[in-house]
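So, here come the structures, one by one.
The two complexes that follow have subunit A in common; it is paired with subunit B in the first and with subunit C in the second.
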Partner chain A sequence: MPSQTDVVTFVNRYRILLLLALVFLFMALFAPRFLNMFNMTIIMKSASLNAMAAIGFTIVLICGHLDLSVSSTISLGAVLVIGFRPDLGWSGAIVAAVAAGGVVGLVNGLLVAKARIHSFIVTIGTLTIVQGIIYVYTGGAALNVTGALDFALADFLEDPILLFFPPRVIITILVIVGFEVFFLRTKPGRNFYMVGGNRETAWLAGVKADAYVIWAFIISGCAAALSGALFAIGISSATTDLGVNSLMIIVAATIIGGASMNGGKGQVLYSGIAVLMLTVLFNGLNRFGVGSEFRILASGVILASVVLYEAYSNYKKERIRGQRPELLKELDPQQLKNVASSLKTRKLQE
Partner chain B sequence: MSEDRTLRQNRFSVLISVLGIYFLAAILLIVGVMVSERFLSAANMLSVVGGVTILGLVAVGAAFVTYSGHFADLSIPTTMAFSGVMAVEALQFGIVAAIFTGLLVGLLIGLINGFVIGKFRANPIVWTLAMAFVTRGLMRWIWSNRQIYPEVEGAATGAGQHFVNLYRYHLLGVIPMTVVVLAAFAIGLHFVMKQSSFGRQLQITGASFEAARLSGINVSRNVGLAFLICAMTAAVAGIFLTSLSRVGAYYMGEGYDFAAVTAVVIGGVTLAGGRGSIVGVIGGVLVIGLMRNVMTLMGIDTFAQTIVTGAVFILAVGIQSNSLRRLGRDDA
Partner chain C sequence: MKRLGLIALVLMLAGGMVAFAGGAPEADTAVAEDNLERSLEVDISGLRSADGQTLLPELSSKQVPPRPDNPRSLPETDPLHWYDMEYLGWGVAEKINIPDSPADGAIGKRVIAIINGDHPYLTAYSNGMQKIADAYSMDLTVLSPNWDLAEQNQMLDEAINERPDMIILVPLDARVAIQQVRRVNRAGVPIILSNMLPEEEAMQYAIAWTGPDDWGQFREMARVWADELGRSGGVAYIRHAPGGSPYFARTYGPITELAEYAPDIETLDMQAPGFEAEATMQVVSDWLTRFGDRLTGIGLADDSAQAIGTIEALRRAGREDVLVIAAGNSKVGMDMVQDGDLLAITYQSAEADGAVALKTAVDWFNGLDVDPVLYIPKQVITQENVEDFMPAQW
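This part shows the complex of A and B:
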């Protein structure tokens, strides 16, 4: 028979999976025209943009830093891949876009790890800088794919090849699972957790913390640019503000997925599932015919409840810090009172 | 030889830490004079100040959040919008009721933020982000994405015109009332931060939360009050912004959160907490205004301006935190 604490631990550990199941079940039962192949494909497609970008945000958060520049890096990847296509071809353009994202990440990483500027500051700065570069590059207008042949890749990426999984979604899942295995099962991957969780231990273990922080930012930049690039190829066009709404969703999903702002906690896979959960929620609400305002409210309420729940359980833990409940239980209440009053009188005498 | 070098570096560091942001403001003034002779005219200076008064109001309040070691309040934009919309909605009961309602919204959001972050120690960035989601969703839901107009809502009582004039009112015909309100807030909050016992306790709380808690300071109350002050000035700024744009809508105030952080941090309030002053924050706000003005006079287009602003932001904070570290005054 599982005890109460077992249940709490189980819920805490698989919170995001339970939430996804709950939301999905509710929508499947009540939302009209929700449960069909076509709609599942839509959900997977719209989730994959933010899910891949969430990889980077999560790994930077695990290292104990923030990367607010993901939203403009997504737009950068999208704009560059469409812009470079005529000169470099698709493969060259994708490589160039991802490399540009990597450069943004490298700059972030160097400023944070070497120049020792707070990541919150650095990435707000690069957020505006990259957005400015995008505007200068495009002149503020959306870029579109021209030429009939160029839609072949888009068609391939967006058409389901297996159930409701188009290649773009499969690529996203593969990348996420790849990083999940890397971060959890390999030595360098696990070092990322050590750098964020306990810097001193990392130092004692001879882990070069700076290098890991820089790599985390590079991964973040590359992942964001790649997700933006694939999305842009899929819809054959890139707007300058493609990633603007992504930041809020990615932050919310990463936190709901169990990562902590203090670092050392979180999983790439869970962040991806949290993005999927939010997408299912948005899509289902859409089927009910409510507007985007309700989606924002719903995601806000979910994020607020998760944060409040975590903060409150921490608060309860903090309150008994330094006490030893198992010892206090052994003493009888009368004895405790005597101890307290004798302490008081001693203080008064002093 | 090497000693000489460290000494010189230290002198530069001392200069930066003392003069801080006004050093940058002076450089911008010199650049401005070189760029255009119209720069120093009274009209241009007034437009520099007028362009950043709302940002200034937001920043002097947001400074308390950063000062307390809690980074930033990302619910500033929605607080501004919400107080503006509610004020417009209450215009049918008169101008006083409208302003009062707007401030009440700020009070409410500030209390919720302060309670959850101060008492339960929720992460400030994530919590205020959630708060921003919730208030924005509520606003768009209740008013179904519509904009509301003060001149329409307050037409019956004639309060609408008064509301629109709030931003445009000039004392003695020359000094904008917003500047006077900003000055009053800045001076008042300066004394709260530097002279009151709350301010001193907040400084210790910001510098080291645990040390403050263990020395018997009511940290929950102090942090809560910091978020309350922030939300209140955001509400005042929101009322002015709504009055300026003659429309109340959910998207008002967008971008003011990061802009306020920029002003606060280049103004010398470090993210580590417990350091900085309102005088510096006002300097930071002025630098932002001067920078925009100088760049516009130089003919740099708005797209390129965002690049320069971002670079200056990182550079200014980088130099400042580096010089503090060199002086051994900060480990952040």
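This part shows the complex of A and C:
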């Protein structure tokens, strides 16, 4: 029989999967017209926009920084891909849009890593500047394409080709899995964690921390622009404020997915699954016919619960760890429990 | 690997549950055989909106002139430059894939309305729609994406999944609406567009568009404004949100009308600071500094927050002589007209706006002919007649 510690460890490790399963099960059982292929496709498509952008946000967070400019970079990718389409064709427009996102990330990265300005300040600035550029470029109006081939491409990207997975969703999944493998299975990937977890250790290990921070922002910019671009192609149009509401969902999902605001922790896969979980939740709430205010409230409650649970877990770990963690490694869970209880007794006696 | 295995298991379980659940959406229940007859007998002439006005008075008509070869080549001050916006929907030569009316009556029909956001106007809009739904015993669901395009797209897909008898959409953006309406049309669900004008191409996939004649009502109000200004002076405009039809109609409606009716009135500037009173106050204060006494009139796209910010800026500058008009008619705007702060606002019944959209659906369910464009009535509210429209709908 598994011990309490095993259960806690399992819940900690797989909490986002368990949350997804719980929310999905609840909605499947109680939400009207939730469980059908068409609705699963809707959920997958809806999650796709924010899941792709969450990749970059997670990587920047792993490096110990924030990228608040993802929301306007999503919009930038969207308006550029539609705006460049007549002159560059779809492939050229996608490359240009993603490259523009990369430039935004490069600027962010240089200012954070080289000029040593806090990422919060830098990315708030670029968020505003990029939004301004979008307004200047579009004149404030949405852009669209209306050719038969444009519509055909949109239909191709949005209609499922495998179960409830349209190509836009499959691309997102492939990109997420690719980054997940890179970060967990390659040395450069693991170095991102070292940079965010302990910059001094990274320096001692010969890791060029600044370069990794810059690359994290570049990836974030590219991923956000790509997500906006794919979404825009799917609806054959782009609005200037497409990504405005994405930021809160991305931040919430990344934290729920296990990334730490202090850096050194997080997984793009889990951030993606957290976006999916929130989308399932919103979709299910829509099925119950509740208003948007309840959707915001529900995501806030989940985020608060996860953060509180995280804080409680950290508090417990800190109490058990004490001053000599290397000694504790030799103890089994039961012994750890005894140590904790004796520490508690001693504290009470004092 | 263990983790990936677990994820795969979760996905397989989800897939299995979906397969078990059957997949395809169900068809809605059939209506009774005498539904059409009963539906045609429903009398809604006694319905009133919250301001005491008839909920559905006779709809406004509009003279549609011939389209110039290239409207965009004309100057912006020429009304025909905006032809494709002002007369949008009238020129659609052919509708695409519009389902045939079931002609079996409206009673019991299920309609999903997707508005564009949370706003008091849209609450009143939904109330008007609900009054028609109640009169015809229809099952109406109103959903709001809270101004989020991705959310509105998701809601549209979800609405398609529900297979309702009709979808009514208030687009968030004119251009984006094309693909949105096309998607609903492809799914074989009838759709009516409402309130916000889409691009012309969207109209070919929709049964009809209903809503205010923004251009027409601002033209009417511009004449009242010009008379009070003595047909001279300088005016500036606070615009609606970029992208939507009011962004153009509520600026170029009066500009083009004044160019013909009072050509001596000069347009000094136009800005779109959004719908925050503070931001509007800042813009108007800047104008007062920049233009001084040359500024004699201000046109607003909104009679709530924008009006509050404008009037406050004028008050602080001691410039109560500036004549302000606005798109209405909220309680804030009506009170300001009553107090003399605003010269005029448009009467745009939010409840009628919602009601007309659903009544058009009713007519279609009843097998009646439906015009491609239907306007709610327009009037100008001034201090002289404001009492007739009290209490405000929103």
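Operating definition for what follows: the second predicted complex is superposed on the first by the 314 of 350 C-alpha atoms of A that agree within 3 Å, B and C clash if a C-alpha of one lies under 4 Å from a C-alpha of the other, contacts with A are read in each partner's own complex, and residues count from 1 in each chain.
The rule is simple: contacts are C-beta pairs under 8 Å (C-beta built on N, C-alpha and C of every residue); 3 or more make two chains touch, one makes a residue touch a chain.
Nothing here was measured: the structure is a model prediction, and the numbers come from that model.
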| query | subunit A superposed: clash or fit between subunit B and subunit C? | reply | fit
| said: With both complexes overlaid on chain A, does A:Ala115 touch subunit B (first), subunit C (second), both or neither? | reply: first
| request: Scan A:Gly291 for contacts with subunit B and subunit C and give back first, second, both or neither. | output: both
| What is the contact status of A:Leu49 with respect to subunit B (first) and subunit C (second): first, second, both, or neither? | second
| query | Who does A:Asn191 touch here: subunit B (first), subunit C (second), both, or neither? | reply | neither
| Thinking of the overlay built on chain A, is A:Ser299 touched by subunit B (first), by subunit C (second), by both, or by neither? | first
| task | May I ask you to decide whether A:Phe164 touches subunit B, subunit C, both, or neither, giving the answer as first, second, both or neither? | result | second
| After superposition on the shared chain, which partner residues are touched by A:Ile273: those of subunit B (first), subunit C (second), both, or neither? | second
| query | Is A:Tyr135 contacted by the first partner subunit B, the second partner subunit C, both or neither? | reply | both
| Least CA distance subunit B-subunit C after superposition, rounded to whole Å? | 5
| subunit B and subunit C contact sites that coincide on subunit A, given as residue numbers | 135, 140, 291-293
| field | subunit C residues within the subunit A interface of the complex | value | 3, 6-7, 10, 13-15, 17-18, 21-25, 118, 141, 143-151, 153-155, 157-158, 160-162, 172-176, 178-180, 182-183, 186, 199, 201, 242-243, 247, 272
| What residues of subunit B sit close enough to touch subunit A in their complex? | 71-72, 116, 119-123, 125-127, 129-141, 144-145, 258, 261-262, 265, 271, 303-307, 309-311, 313-314, 317-318, 321-322, 325, 332
| note | Per the touch rule above, subunit A residues touching subunit C in the complex are 14, 17, 20-21, 24, 28, 33, 35-42, 45-46, 49, 135, 139-144, 146, 151, 154-155, 158, 163-164, 231, 235-237, 239-242, 244-246, 269, 273, 282-283, 286-287, 289, 291-293
| Across the complex, what residues on subunit A touch subunit B? | 66, 111, 115-118, 120-122, 124-129, 131-133, 135-136, 140, 248, 251-252, 255, 261-262, 291-301, 303-304, 307-308, 310-312, 314-315, 318
